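One structure is given below, represented as structure tokens, and several questions about it will come after.
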Amino acid sequence: MGPLLKNGKGLILAYDQGIEHGPSKDFNEKNIDPSYIVDIAERGGFTGLVFQKGIAENYYRGKVPLILKLNGRTSLPGGEPISRQVCSVKQAVDLGAKAVGYTIYAGSTYEHEMLAEFGRIQEEAHRVGLPVLAWVYPRGAAVKDDTSREIVSYAARIGLEAGADAVKIKYTGDKESFAWAVKAAGKAKVFMSGGPKAPTDEGFLTQVRGVMEAGATGIAVGRNMWQNQDPFKMAFELRKIIFNE
Amino acid sequence: MGPLLKNGKGLILAYDQGIEHGPSKDFNEKNIDPSYIVDIAERGGFTGLVFQKGIAENYYRGKVPLILKLNGRTSLPGGEPISRQVCSVKQAVDLGAKAVGYTIYAGSTYEHEMLAEFGRIQEEAHRVGLPVLAWVYPRGAAVKDDTSREIVSYAARIGLEAGADAVKIKYTGDKESFAWAVKAAGKAKVFMSGGPKAPTDEGFLTQVRGVMEAGATGIAVGRNMWQNQDPFKMAFELRKIIFNE
Amino acid sequence: MGPLLKNGKGLILAYDQGIEHGPSKDFNEKNIDPSYIVDIAERGGFTGLVFQKGIAENYYRGKVPLILKLNGRTSLPGGEPISRQVCSVKQAVDLGAKAVGYTIYAGSTYEHEMLAEFGRIQEEAHRVGLPVLAWVYPRGAAVKDDTSREIVSYAARIGLEAGADAVKIKYTGDKESFAWAVKAAGKAKVFMSGGPKAPTDEGFLTQVRGVMEAGATGIAVGRNMWQNQDPFKMAFELRKIIFNE
Amino acid sequence: MGPLLKNGKGLILAYDQGIEHGPSKDFNEKNIDPSYIVDIAERGGFTGLVFQKGIAENYYRGKVPLILKLNGRTSLPGGEPISRQVCSVKQAVDLGAKAVGYTIYAGSTYEHEMLAEFGRIQEEAHRVGLPVLAWVYPRGAAVKDDTSREIVSYAARIGLEAGADAVKIKYTGDKESFAWAVKAAGKAKVFMSGGPKAPTDEGFLTQVRGVMEAGATGIAVGRNMWQNQDPFKMAFELRKIIFNE
Amino acid sequence: MGPLLKNGKGLILAYDQGIEHGPSKDFNEKNIDPSYIVDIAERGGFTGLVFQKGIAENYYRGKVPLILKLNGRTSLPGGEPISRQVCSVKQAVDLGAKAVGYTIYAGSTYEHEMLAEFGRIQEEAHRVGLPVLAWVYPRGAAVKDDTSREIVSYAARIGLEAGADAVKIKYTGDKESFAWAVKAAGKAKVFMSGGPKAPTDEGFLTQVRGVMEAGATGIAVGRNMWQNQDPFKMAFELRKIIFNE
């Protein structure tokens, strides 16, 4: 994870919402353009940038370490969630990736397919020296509350056991319970998933402070950054909290 | 996409309706013959011609760049739509293809199988230097209105994120909303799917003007061409709009 | 298709009913023996003989060109029909096959699996120079009338688009509608599937005359031959019609 | 099949009931031990011995030709029956097998998966010179009477068509109908499946006489041997009938 | 199994509960840390230690023989249980494993997928000289009582037949019935699965005495060890019983 961290901490810019949620739900005339996101990542001091391969092929400029997301789905189908590999580790390397990411919908009736696919990717990535980030999102009819202490810590532990170098999980809502999730992740680094745009900047920053005090390595933020009126100011505030700058 | 464009724009002739819809639905005594289609493509100034491998093996004459459609299905089965790969990238190359095409039924409960298969094809095609066109058609029980601004722009974005060089999508009905879809597609070129024969030629041409003004690269037209009484006149009109000839 | 034709026409003896229908339904003490079938094929002037690999391994004598049937199923399971590959192209070649055959149940909810498998077989067979015959039988809950003009011509077209060198389809009942199916098949050669034993020989021969006048290449006949009291007389009559002998 | 026959006939000892039925259903303190079975096979003059790979690895002593059973299932799951490959042909060879066996549940909604898997195994086994025995058991909701003349002869024919060198089928209950099944099997050798322990030894021997008079090659017996009070006497009686000793 | 035994007996520490049950169900502030588990294994005189690959990569120190668990699932999804391979045999070897483990949910409607996958793993592991441990847990709607004599002995036998070198099964509750399971396992070594923390230490030790007197090779214990107030005292007591120290 070295190249993706600064002083052992990380600030990652996520931008796979185009396929995961669709442009009309999350984008405006500005942030629909991946070049704008690359600008934010570069000028905002981010230590990692998450793209699907199509965005990487067309827009990546090589300055901020690329985390290539290897699976993806749309929000359109009903039923139990499943997201399958759409990009190989080899292609990620060719596109300049410094790490790969993969979403596991734990609790889905398709969970076993994703755990097995993640297992193959983890092995292949480690053989070529790439760190692996697991987005672990418990979801499906069997999962009732995906931000509870129990479920979030379970997500964190799945990442560790499955061999992820880092795990991206939701916030539990308070520092104490999130610290338990960080403990569950052990040596796997924990990144909080930013989630939807918070009502106020200060509210979001308070949350990030709690996350870092709970022992997390950093955050992976998307909408709270590129939906923000002044993303560079927000990035500045986040760097202060995360890197103690 | 170079070989498939003229001045950066494209006019593609689609002819996979034989398997997708069946001959009795779309064909007459004339256009049931693929040779007639090749004639239209050649004399009509088309920059691309879409065939399944069986048609290509038997009728393709090498003048208009071939776009080999790599998956296909019939309209017969009920249930959620799925279309699987029926031709390899290697076979497409051997048949003289200058590009490959693949349909993704986003929103289907089989969406993940098509996204994963498209991902493998995209990688293989790019390794041998072939552009990839994605027909992205949101469909299935979960998709209510497949020509809405939201759904069409989502389709366009899926193409970009999945690494398509071009995306073929339906028309939204007006220029403004289609421009949003073009924006969502980013650097992926947008082709409007011609759809069923329009009631009048002028109506269709007006639609095409809207599409081009919205920033599209061109159109992929089938029934509005080879079901037309005078396809060469229609091709002439389309070239005027698309290539500014 | 050269080795399987005489003057451009073909008379094929089909004998995969043992697995498709079971011996008690179609066989008697005589025709249950594959050697009897080989006799008919050799002395009856057939241009092709269809066997599953087990029959070919044990009974094929090399005189009449062998068409190895690569997939098969029994009539026992309920539900949507699916027939999967049970013999490789390589093994077919080793058994002396001059062509391979494969059944596609278009309209089945498993259609996509068969189209995809057929696609792989077609590519492999063509690479080693073997022609491919597609048995295209629309079937499953979604298919109402599998001898209608619309459905039979659709079947024929699927064969052409999928890259079959020849397609075996049911008779529509009249010459005019069958001619539309032949047209839909384009350069793919059309063989009528003989079907169950016709009530009278003359009735069957009249049907065959209609088929040939509609432009078909020939017929693939089984029960109407080896359930016939005098198969050699029937073969003689068929050769007159098909080869103009 | 040479090494598995004596004067063209065969007496096979089957012992895969441990996984197929479970030890508490079929075994006692004596026959639960595979060494006891090997003793019976060796001293009872058997021409073949059926084991799963785990039993073969630990107990096989090389005297009686080994038939390695390549698939297996337990009796625990409900629903349509499916049994998948658990041992490769290569591993069977390494364990000293002189033949391989595979169960096909014809009529199951999973039939196509087993027919396809059997097809691959048959090819691979024949390439390395191993004969293949098919256990063909019509089963599943669609199969009403699995010992009827129609169903048993269908099972026999499936074995022949699929390329089995020998087929193991149930007894129909009378010699005449079983002779029809033997005829359906053609050049594939027929072994009657012994089934559950018969009420009396004489009853079982009468059945075996009928089977052999019907033209079978032999029997594959398990419970009627190793659940017998005096298996060596039973083996002696069977050899008299089968080998005419 | 040599390296995993001492005087032919074994005491295995299991720690895959993090993924199988989740941290909040089984862990406290101490045992959530895999380093603590490694301490117990090393100082407690264990002859084997079970980890998922992620734990092994980050915490394994090489002293106690590593048993790498090759499949895993979470407790979150409903429906029939399935656990798929998440780590290759090759990767296990690279991580220093001296054996591999795999769970088979016999009785699940997915049983066939796990039996087939186990079969491939067993072959590959034996080729590189690694012993294979099978966790055989009958489970799913069709399994009523998974600690009955009948079901536990069935589980043991599945392990033997499938080629496992050792099988991990639940306790039946009494020595006599467990002895039947040990007999069913034949030359496959039997380890009792420790299960949830027993109400009293003495109760657990009594159970272990029964297991060993029934002929088992040892136990695989997790929660009864690392949830124990004094795991080293418990380990001392277990060693006395198992190794006769």
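Note that the chains are named A, B, C, D and E in the order they appear, and that numbering of residues resets to 1 at the start of each chain.
Please note the rule applied: a contact is a pair of C-beta atoms (placed from the backbone, for glycine too) under 8 Å apart; a residue touches a chain by one contact, two chains touch by 3 or more.
Small disclaimer: the values here were computed from a predicted structure and weren't measured.
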Reaching subunit D from subunit C through chains that touch each other, fewest steps: 1
Type of subunit D:subunit E copy interface by residue overlap (half), same or different: different
Length of the line joining the C-alpha centres of subunit B and subunit D, rounded to whole Å: 55
Centre distance in Å when subunit A and subunit E are each reduced to the mean of their C-alpha atoms: 34
Of all residues in subunit A, the ones touching two or more other chains: none
Chain contact topology (line, ring, star, complete or other): ring
Cyclic chain order when read starting with subunit C and heading to subunit D: C, D, E, A, B
Touching residues on subunit D, where the partner in the complex is subunit E: 16, 18-19, 22-25, 27, 29, 32-34, 52-55, 57-59, 72-74, 76-79, 82-88, 90-91
Residues of subunit D defined as touching subunit C within the complex: 106-109, 111-113, 115-116, 118-120, 122-123, 126, 138, 140-143, 149-150, 153-154, 156-164, 180, 183-184, 186-188
